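Going by the order they are written in, the chains are A, B and C; count residues from 1 in each one.
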Amino acid sequence: MEKTSDVILKEFAPQLENPSRKWWLVFGVMLMLFIIGIYGLTYQISYGHDVTGMRDHVVWGVYIVNFIFFMGLSYAGAILSGALHLMKTPWRKPIMRMGELITVISLLIGPCFILFCVGRFDRLHYLILYPRIQSPITWDVIAISTDIVGCLLYLYLSFIEDFAKLRDFKGLNVPAWKKKLYKILAMNYTGTPMQVKLIKRSKNIMAAMVISIAIIVYSVLAWIFGVTLQPGWHSTIFGPYFVIAAVYSGTGLLIVLMWFYRKIFKLEEYITCQHFVNVGIMLLILGAFYGYFTFSDYLTKWYGSVKMDKVLIDHLFKQYFWEFVVANYVGVIVPMVILAFKKFRTVNLITFGAVVTLISLWFNRYLIVVPTLETPFLPIQDNRLAWIKYTPTWVEFSLFTAGIAVFVMLMMIAAKFIPIISVSELTEKEEETENVNCAPKTV
Amino acid sequence: MRPLYILLTSLFIVAFTFKATSQETEKKTPDLTFTVKKLTDGSYELKSRLTYMDRKIDFPIAGAAINYSVDSESPLNIEGNVTDKNGYAYAYIKPGVILPRSKEGVITINATYSGNELYESASGEALFNEARIKVTCEMVDTIQTVKVEGFKINPDGSESPLAEETVVVSVQRMFSRLPVGEVTLDESGTGSLEFPVNLPGDSIGNLHVVAFIAEHETYGNLESAATVQWGIPKQKVLVTHRALWTQIAPLWMIVSLTILLVGVWAHYAYVIFQLRRIKNRV
Amino acid sequence: MEKSEARKSRRNFLRLGLGAGAATIAGLAGVKIAKGGEPADKKELTETIKVLTPDGKVVEVEKSSIMPPKDVFIDRKQAHQGIPGRKFVMVIDLAKCKNARKCVEACQEGHKLPHDHEWMKLYLLKDSDNSAPYWFPKPCFHCDNPLCVSVCPVGATYKRTDGIVLVDTERCIGCKFCMTGCPYSARVFHWKKPDVKVDENTPYSPEVNIPPKEGTVGKCIFCPDKLRNNELPRCATACPMGVIYFGDILEDTVTNGTETVRFSELIASKGGYRYMEHLGTEPSVYYLPPTERQFPWERGYEGIPDSIKSRYDNLDVIKETFHKDSNPK
């Protein structure tokens, strides 16, 4: 890519300029979904959690499923922008920013779902006022806030150079306030050798931090389930299993977003089929890992089954047969098959595989949360149907769609604010020698 | 939707209350259970319980005044007892008070509740001959022995042995008495019992031994108590200060968490410091 | 021993010439109050009453001058302290239980619990195909290694020195983690505004948990308010069969109200055990196996109202025994 940054910026300028009618239309629809979600939330607040499908045994439902799901998506950024950055993978450049945006945005949405699940909205500050650090929820509060700060910091670091470019680029037709904002956010960055060096170092540090924190955050999430004695949850494999499943779903989402942005902004020149295949191969590997973890988890439960594990597995295969097939067979096999054969590796098919991944991973989380709660140690003996079997209500779904809508809206806004492909990364020349050095010889 | 709901609910409540009020004209009949017990120091405990049966459940009636009288011919009023929240009212007759009795030596005490606009009146009666028992704890040839003596109190005030009666020997526990054995009094009105050696007592091993005769057809309720250090000192309650379930976390957890957090946030701080340097174009 | 001391203090009180027995008008939780919300003899509150003085004389005093010994009110902070020197234990004799549900009723009434929020639950269990069904009353087990307490993020639920695990519903944020943490499903949630009539001015104590609060967790608390007065928990008192024994394990004594026995001897002679011992939660509730039963288990199903019956209708053992002739669902 021989283009200079000015040429690229000129090309990307329409993305950042005043939104089109289509943009507003999509945004409006998303806003509607969001408002419906807000309505559902106020309905829930005024009538109590009774309006959800949750009851005394299934105390966690779609909210927690979505919490895990969105938190999992945030992994895309950690793995891609973090790991690929550290490994200096050359093809990462056009897709890194998407990964970073996914990370931050889904990280902002995910925790909201756990708040919907809390019975006393008005007492949330107790989590900070009276924390008990033995509780995995406290770990979660600490870990997620640390993660959000880290990811925002990392995102900002990767933005600075582009902000400076946008500030200096004259051909941009945007309102004055936006220009001013670019100027403030660019922070006197002019690209002096010292500044370049500092920002490189900071990026490296934050990339490493973001990866490790993301692993901790997701393990903590898994331990919320793992530390209990409930059949199906009390498993040492849950930490790594959740991490792998999270990266898997995050990578899937990245492919889907690549597809959309490529289409909308006509970025075929930058995001090529090769990118899809490269990310797709990662998806393939992660899918294999995910399948392996799922298999070993269920195999050991089924084979040497404690009574409750058997009850749970029977429940899964009877009541949740199709969901189980989608989550644990379709979700592994379909993406893997698509990527395993050369002739299937088209942009659209890979994206289809990614969508399958996303859907199956959502069901996977549902199957982790709900069936276990439906098969407690002491069998549920009740005549109220809602107490026996969990069925999510419209309130829960309205908030689910609102979550997706917010994700889309924030993605749309972000793409209006900064080029979705990092201009500075594209024009940057890779330096080979710096960074990782051996210890100096002492002899 | 909500206001409508509230309106309907309040209408329902109003209707319900109205119905309830209209039913109130009928007075309810309470039960008064009344027992008299002679205590160790010779005083009498008068215990009344006023309840009302509703849907097969006994509900105590609180704040009801129970009056006592001894023998209807020469009334000695012991007024002013009000039932507590469990429906109990206690009154005590001091030791030494000579209660009027019939020629046969029968003492009659009446308990009455006069009723009010909601409840009918209720009454209870206790009839008994005067007697007393006495418990002593002593070591007989290294054996912990509980000795019980029983006396009839004749109308003239003299005492004679209470023979052929069975006395229960028990240890007072938090909620009730734990029976440790029964003693049958011989012709001289005495009897004894070997006391178990392995009972937990209080913190220094004290046990409160109570010997009693309950609901005897002639003598009513009699009891006598003594405290003796025959128990095993009560185990101390273990206090756990640091565990997963205590308020304060185990040390290893605090240490691990601190290392993690300091490690991460130190890096953040370093990066923010770098950002400052970029801004200041060092 | 406490009892005798309590009695003594009562007597001292009397000697002061101020009181008339233990009369309490304030704090009337769980008391039948005359309709209209007033104590039965409210009218008399302003009147004079006659009191027995130490020398046996009867004097008349104004009723309002008498300070009735109030129930000790235990506030949220004090509730963290267990009853000193005690460690409570419950023994449930499965051989005697016939599902009379009096324990449930007393608990609901005593703690002002909404209709669909039961702290005490009655299960009909059958451990394997060839074992016999039995009724299984299940309170909170007040474990010595309580997972529900471990996972609470705000310290709203805590374990005291006397073994009792309490819930402070003014602290609880309703995250429901404790509900998933408890392997015995002992905890229940207030999913909506509790539909019970409770005086809103009732001061809140975690020892009674009245009034119930929406969006918080509730569970059996062993009735510490009763225990403070040396009274048995409501379920133990209410049980007509004497199924539920309760006591201080440090005194090695349990009682069901009519019978008092040594805990260790009861457990030894009847083969007492703790439910799901292998989970390592160290429950404070022991069960006596349903041997030499006093009733056939069917009695417990026949005697209950249809609304309760339907809870068990999905169980194989009920279908086989009672609905053989009716159409298979």
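Some notes on this structure:
One rule holds for everything that comes next: contacts are C-beta pairs under 8 Å (C-beta built on N, C-alpha and C of every residue); 3 or more make two chains touch, one makes a residue touch a chain.
No experiment lies behind these values; they were computed from the predicted model shown.
In terms of which chains touch, the assembly is arranged so that all chains touch all other chains. Nearest to the overall CA centre, using the mean of each chain's CA atoms, is chain C. Centre-to-centre separation between subunit A and subunit C, using Cα means, comes to 47 Å. The distance from the centre of subunit B to the centre of subunit C, each centre being the mean of the chain's C-alpha atoms, comes to 16 Å.
Each chain gets a centre from the mean of its Cα atoms; for subunit A and subunit B, those two points are 61 Å apart.
Of all residues in subunit A, those that touch two or more other chains are 47, 132, 134.
Within subunit B, contacts with two or more other chains are made by residues 244-245, 247. Annotation for subunit C: residues touching 2 or more other chains are 147, 150, 155. On the subunit C side of its complex with subunit A, the touching residues are 116, 121, 123-125, 138, 147, 150-156, 171-177, 179-181, 183-185, 188-193, 214-217, 276, 279, 281, 307, 310-315. Across the interface of their complex, subunit B is touched by residues 1-4, 7, 10-11, 14, 20-25, 27-36, 39-44, 49-52, 54, 56, 58, 68, 71, 82, 84-87, 105-106, 109, 145-147, 149-150, 155, 158-159, 161-162, 230-232, 238, 246-248, 250-253, 255, 257, 260-262 of subunit C. Against subunit C, the residues of subunit A that register as touching in their complex are 47-50, 54-57, 59-60, 114, 117-121, 123-124, 126-127, 129-132, 134-138, 141, 224-225, 227-230, 233, 373, 376-384. Within the complex, the subunit B residues that touch subunit A are 2, 244-245, 247, 249-250, 253-254, 257, 260-261, 264-265, 267-268, 270-272, 274-275, 277-282. Listed in rising order, the residues of subunit A touching subunit B in the complex are 46-47, 132-134, 139, 142, 146, 149-150, 153, 157, 160, 187-190, 192, 194-195, 198-199, 201-202, 205-206, 209, 212-213, 216.
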